[in-house]
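You will see subunit A twice below: alongside subunit B first, and alongside subunit C after that.
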Partner chain A sequence: MSVAVLPEIAEAESPAGPLVAQLKGLVVSLERRGVRSEILHGVDLDIAKGEILGVVGQSGSGKSVLATTLLGLLPASSKPIIEGAALVGEVDMAHASEAVRRQVRREHLGAVFQNPMTSLNPTMRVGKQVAEAAWTKDAEEAITLMNRVAIPQPAERLSSFPHQLSGGLRQRVMVAMAIADNPDLIIADEPTTALDTTVQAQVLATLKGMRDTIGCSIILITHDLGVAAQVADRIAVIYSGSIVELGTSRQVLEEPQHEYTKGLLASRLTLTTKKPPSRAPKPVAEVDTTGMSAKAAQKALEQARAKLRRPIVEMVDLTCTFKVKGPAGRLVDLNALRGVTTRVYDGQSMAIVGESGSGKSTLLRAVAGLETKIGGDLIKPAQAEIQMVFQDAGASLTPWLRTESILRERLRGIGREQQDRMIAETLERVGLPQEIMHARPKEMSGGQCQRVALARATIIPPKVLLCDEPTSALDVTLAGIILNLIRDLQSELNMTVMFVTHDLAVARFVADRIAVMYLGRLVEVGPVEEVTRNPRHPYTRALLEAVPGAGIKLATVRGEAPSPVNPPTGCAYHPRCVFARPECAAGDIGTVLARVSDEQHGPLVHEVACPHYADLKPMEVVK
Partner chain B sequence: MTAVAVAPRSGWASSVLRLRAGDSLVSSWAAVGLFFLLTVFALAARAIAPFDAVQPTGGPRLGIMVQGHILGTDQVGRDLLSRILLGLQTSWLTALLIVAIGLFIGMVIGTTAGTFGGWVDTLLMRVTDMFLSLPSTLVAVAVAASLGPSLVNTVIAISIVWWPYYARIIRGEIRSWAARPHVEAARMAGVSWPRIMVKHLIPGVIPTAIVTASLDVGAVVLTLASLSFLGLGQPAPAPELGADTAKSLVELLSSWWIPVLPGVAVMILSLTANLAGDGIRKIFQAKG
Partner chain C sequence: MNQLLWKKIGLRLATLVGILFTLTILLFVLEEISGFDPAAVKVGANASPEAIQAERERMGLNDPILVRYVRYIGGVVQGDLGTSYRTVHAITDDIAMYLPASIEIVGFAFVLAVLGASFFAISSQLRWPGTSLVRGAMFVAYTTPGFLLALFGILLFYRTWKVFPASGRISDPDALNGPTGFFTIDALLAGRPDLFADVVSHLVLPGIALAAIPAVAIGRVLRSSLSQTITSDYIRTAQMKGLSEWRVLTRHVVRNSLPATLSMLGLQVGFMFSGLIVVEKVFSYPGIGLYMANALGVADFPAISGGTLVLGTIYVVSNTVVDFLQSAADPRVELA
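Presenting the complex of A and B:
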């Protein structure tokens, strides 16, 4: 089979040192619903002892099939036909008998999959599962393993069931099981995709630590070049079943050879991505007052200031409480919003950033009018002036309705001809061909679905467009395009945008202002460049450090966000805060935003909830 | 509901299908075709029937293919084929009617309960449970006793106990659809609640409703037959498959065809309905 590696980067193709695994001209074809297709077209790859190899590709590229083949776990129901070899040590996992493969898996391989909830046995205590992976019944051994992957209080967790652990801890349990029996190679398939960025950084650090302590090799399969760059020694970029680029992480990131890699790198959003200029109302400093009398200049400035600070959505001490089943099966209060006070200004876009459980989506849904059990004051435009785009675009479209009917629903009471015209215009505006009118959601790609959702939201331009992580389910290249589209629509239709995301790089790209949420409260609000370049709250810093990308050191934040059912007292962040002081746990410290004092009087204020922000050392961003 | 109604509906019928035609949809479509063929037969029964079904047209207990009576005659000399055809008409069309009524009421109640949830859901579902707890035979006896035995009263009696079954299934389906983001998206788009129900929820339930209903026709046929067997159907001399079997049971040893053939007709109806139900389910599954 053809060798996909480019000749000019051949020197990085072979690693130094002895090999633990080797793919030789691997061709895999599988049958799905009676249709056979070739998934991998001749993959050659060497994995050296003690190296971390990142395999990067988008969904459908065949990266998971590669992992599954190497594990010898391709399901027989997909009738795999395999040419070439997938060697682990001396054994060809593609052709050896099941008994041999099982033995290799047991003695030489470890695996970590994306969703630990489905990989762990839900009916078995984790201690027993870890011990079982180590071929022992000894609890001490399980504790040792759990200690190694930095699970806090392992002795107490032994008797927990998987569902009682947080996502990050579950994934650590998976890692503990993978390293039991000291494997030569750990295959990790999207191990951090389901986790928050802060936790993702911790789990990646743990994986990397395993290599350093027990000397195993790791194949890290991911869709995110940034994640691979963070820990991998070498990176292989896989595109539709072939490896298109292979080199050291530095080579691949700094001198990508293949067009696809260049595209991936270009479409990746980082904290340094150049962003298009905002078309929100100009900051006061930029108002041209030359040639005006002092009085007129004063007036123009005030007008500009007023325009800039005209709130369109205003929240005063907004609360939202759900009833959820508590540990004892009784109903307990979950305070999703614990007093949020802020304003969203007309024509601007505000990003709300936080981890899962921070209440960011609840805040958005409250503004959308989808949450009714809210307290405090919420001033917003009429319901018809607010539209929303959801995270899972495919699921937000009614499966049996064609695009045309979905769009027409917002146009009821308008003449048919005008409807047709508006639909045609809108489809063009969001970059969809007119034929999409007749397609149902299932016949469209993820990106097309999100465009249709945007078309529905903007066919009659709303005053406020709410976006709930609209790109988190999309491939990197697509996400960038959709974000650009949202920005274009915002300025073209003069909308205010509220954008919820867990990713600060995305927030920085789309927003004029960023609001950082933690456990139902705002901890920092400010203009986007201020918040990302000069973050004041320790939590914002932790989030920034966790943004995957080469050059920024692995995160310093500890642990995971506690349950919003029983949040910590005082500043809710204090148990994880590396700068925490004893008084942080008491009273209402850290619960109220205050204006940052040491800053020049900008048009948009920068507010922070941490009273000790002035004492923090400026953050280093390593380039 | 009676034991008849909860009898296994699809298990062995579907294994017959699998044995015959593997995974292909040909058998599924064939079963659906058979369902419609039976409906056409039922509608045209009066035209097809060779003799009058109520008046004696030959000697009593004539054998099969004797004196032009293809399936012979019964104990009073009525043509058995004609009686079976007309009995089939009554059973089949009544069963379809009862399922349609049940589906309609169940759809209204189930959709309302599933869409709005909360106390509306609780109230409607408790009422449903109340009806679900009534035994159909007892209700039929009560209705027949108070209103007199007749076809209309049988339909009323079975419908009363049949709709709660659909209401429960449809309510559950609606609730799972209503939890999907597309309903919230429709609300954000300003779509009214009635329209959300009609356009964004009910179409999702239709495949389940059709499959359940078609599988159910067989069960209704059996229930009808058992009620008429007990003498709670149409009064004599109207042709009824269950009653005909019951009244001629004494002939079983001397002239077996008189009680057996109407019973075989019931079996064919019920089997066709089950096969068609399975077929429709497979067709929906294949379509995804």
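Presenting the complex of A and C:
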């Protein structure tokens, strides 16, 4: 698909000051599995000294190829054919010799890649890797670099192996290596996509801080317009191998010219995205009784009340403890759930929100019956009435089975003709063409795989549908479509939905209620609008503040979530809490939540774990 | 060394004892059901039934199997593996005499296998021109049974071209006398490079016969783990630092490709020891394999048991060493 370059782009604001890098008519074609295709169709881009340029596009847009070309690291196995130039300083990284490119990378470039879990050498100590980037053997130099990216206790971390560090710390190590030898340009390819929102804000702040202190330029490649908007001076929107829009961040966000940019902006979920009306049973106060006789109205109200109060999943002091290898090689307890008490009501959807390690996925797996090491009470429908959809849909489908077989597996004991009818209906319901019956997971796109996963889960409608981050691996536009599909399925099939996500904007969009988890406990539970507009727990506030967007101050939460092996005393959140008082560290605050308001939401009360919530000033919600 | 490591070593030793126990039981049951009478062999084919019976009584063969087993284990614990029916020597003495020869040939084959594997992996990884022919030949050797390969070697290099000797350890068996029993080392200690060359030339054909299959097996694992490592994200990170290709290879690729290769290496060392029986027999190489092959022919069960226990020990120990090396190479690997 070719996209005409709009005339506006030619007139878009050029960067001020000298250039550190320049793409001139860059055309890149690569061979994948023997098929050659043109990935970039003539990209022109200037990167000025000291600027942060956001390059935004969806997967397959060519944004990573652009970065890799500029780094001179296109793999020879893809047989790249490159026209035009990718200049860093005076050197054309597209055509210079390997030795020259290597020298440019060493002296002028730094890079931060997407997955901090796989981007560090697993068998080399962190300090050595950082020192190597600075071309020294001096541990002091490594400590200095690690200090600059705010790695706590760098001297102690020197001898750690990457797997002993958290994701956020690993990404900081990557940044430390990128800034070694003061590069002119850092290329950050989706540097925060694999991180929690709170950690994402910290890493973005670190990157921006590096620009401010060493004056390097940064190319920030991301699929998330919000992330780019937060730190970039200019934004280039790339679509299908061409730049379709280029301008200052403000221009692109406020006066987008290209339809694609407008679409991207519209499909982005924020905390103010207009939400389609909930189809869950209405709170009693909202039941429309006008025009009814007194008796009928009474009956309608009672029915509504009864339905609202019918819990379908109920947990009382639910705990889940795993045995893991501790530092000395001994087995220690990891308390993934430390006493969760809540109810999920029939026909509603509840979002469970938290950082990685909060226990949100464990909670979902416990409800799914996939965790056996649980304590406390868990009341739930029969196993067959519960279905689950996972984050990586492609991996959750058996690779050698065709869609048809995957769906038929759930229809054992049903007549062939009826099976055929059910499959046809289900495929239509999830918006898939009938031909997909004969496709294997590898032959389908990420969105199609997730639809097949949903079809598998709902071909016999379950009472409870469990969703574990089903959209976080998908592009924004696709994520929105899948979320809408889940909402539609919920009301059409009258299901209860439990939805795990780390993204409050997503939670707000799909759910009727939100439960915020921290270190295996609930810290805040309430109706969606209450929790997102009037958050009472400091942690919920921090999560809300970390939702990326333009003009938002970065990095509000300190540190990262502590290990569930050894949770802090008192309120587990107190070491990171900006409102913490001395007494917050003492004793155990227990697992019972305080009721915030007596407002009549039926059972949809707003509850919070912080004993001091009443003293907190109301949060200003700007988004 | 920390306490934990010692505990793990202790655990492995306990496992080894368990395995050896099982082996001895298996061998005893085998001997029992074979219906073979060593007493009859000992007194000769023309001996009267009474003489055989008397010999059986003398050898303790008429005792119940449990009594004989306990007697055997009692001896093993004290380092006594019994007496060979065939050589009439203590089996421990026989093994002490033949084991160095076998370790020498396996050591030689091991080096050949590692070199061959590295060549196989690196040449196909870097697509060196012209080496696909050698790899093809290696692959043919891989699919050929060991004894056939040995016979080919003898026909070509010994009978036709007369470049390598095809039997024994050394041309003049009396030329060397100790102190280690490893002829390569003894020749060097004696300051006789000519004898050293002679010993090595005797190692070549059986060494290749032993190493051919392991070389390809290890090479294929090494190749796939190299190519997996090279395309990984952290190698891109290393390239990003501007390191030279050689430095990336030696500092980042090799160590990360080791774990899978090491486990195949451990398996193949065990495989080489079990391959000794055929190869030493074909090349009349006086090692523990030939000793066992000869013992098998005359149902010399004490010798077979002794040899099996030694090979079993070597097998378990070499795999344990591999496990420890693996966890040393990759900090994420926990010793079980």
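Annotations
Throughout what follows, the second predicted complex is superposed on the first by the 584 of 623 C-alpha atoms of A that agree within 3 Å, B and C clash if a C-alpha of one lies under 4 Å from a C-alpha of the other, contacts with A are read in each partner's own complex, and residues count from 1 in each chain.
Simple rule for what comes next: a residue touches a chain if its C-beta (ideal position, glycine included) is under 8 Å from a C-beta of that chain, and two chains touch if they have at least 3 such contacts.
This is a predicted model, so every value here is computed, not measured.
Contacts of A:H537 after superposition on the shared chain: neither subunit B nor subunit C is touched. Looking at the superposition, the partner that touches the larger set of subunit A residues, subunit B or subunit C, turns out to be C.
In the superposition on chain A, A:H163 makes contact with subunit C only, while subunit B stays out of contact range. Look at A:R234: by the touch rule set out above, it reaches neither subunit B nor subunit C.
Applying the stated contact rule after C-alpha superposition, one finds that A:W400 touches subunit B and leaves subunit C untouched.
By the touch criterion defined above, A:P122 lies against subunit C but remains apart from subunit B after alignment on the C-alpha atoms of chain A. Across the superposed pair, subunit B and subunit C touch subunit A at no common residue. For subunit A in complex with subunit B, the residues that touch the partner chain are 368, 370, 383-384, 386-388, 390-392, 395-401, 405, 409-410, 442, 453, 456-457.
Within the complex formed with subunit A, the residues of subunit C that make contact are 4, 231-234, 236-245, 251-252, 255-256, 329-332, 334. By the touch rule above, subunit B contacts subunit A in their complex via residues 180-182, 184-191, 195, 199-200, 203-204, 288. Residue ranges on subunit A touching subunit C, taken from their complex, read 71, 73, 75, 98, 102-107, 109-111, 113, 115, 118-124, 132-133, 135, 161, 163, 174, 177, 180, 325, 328-329.
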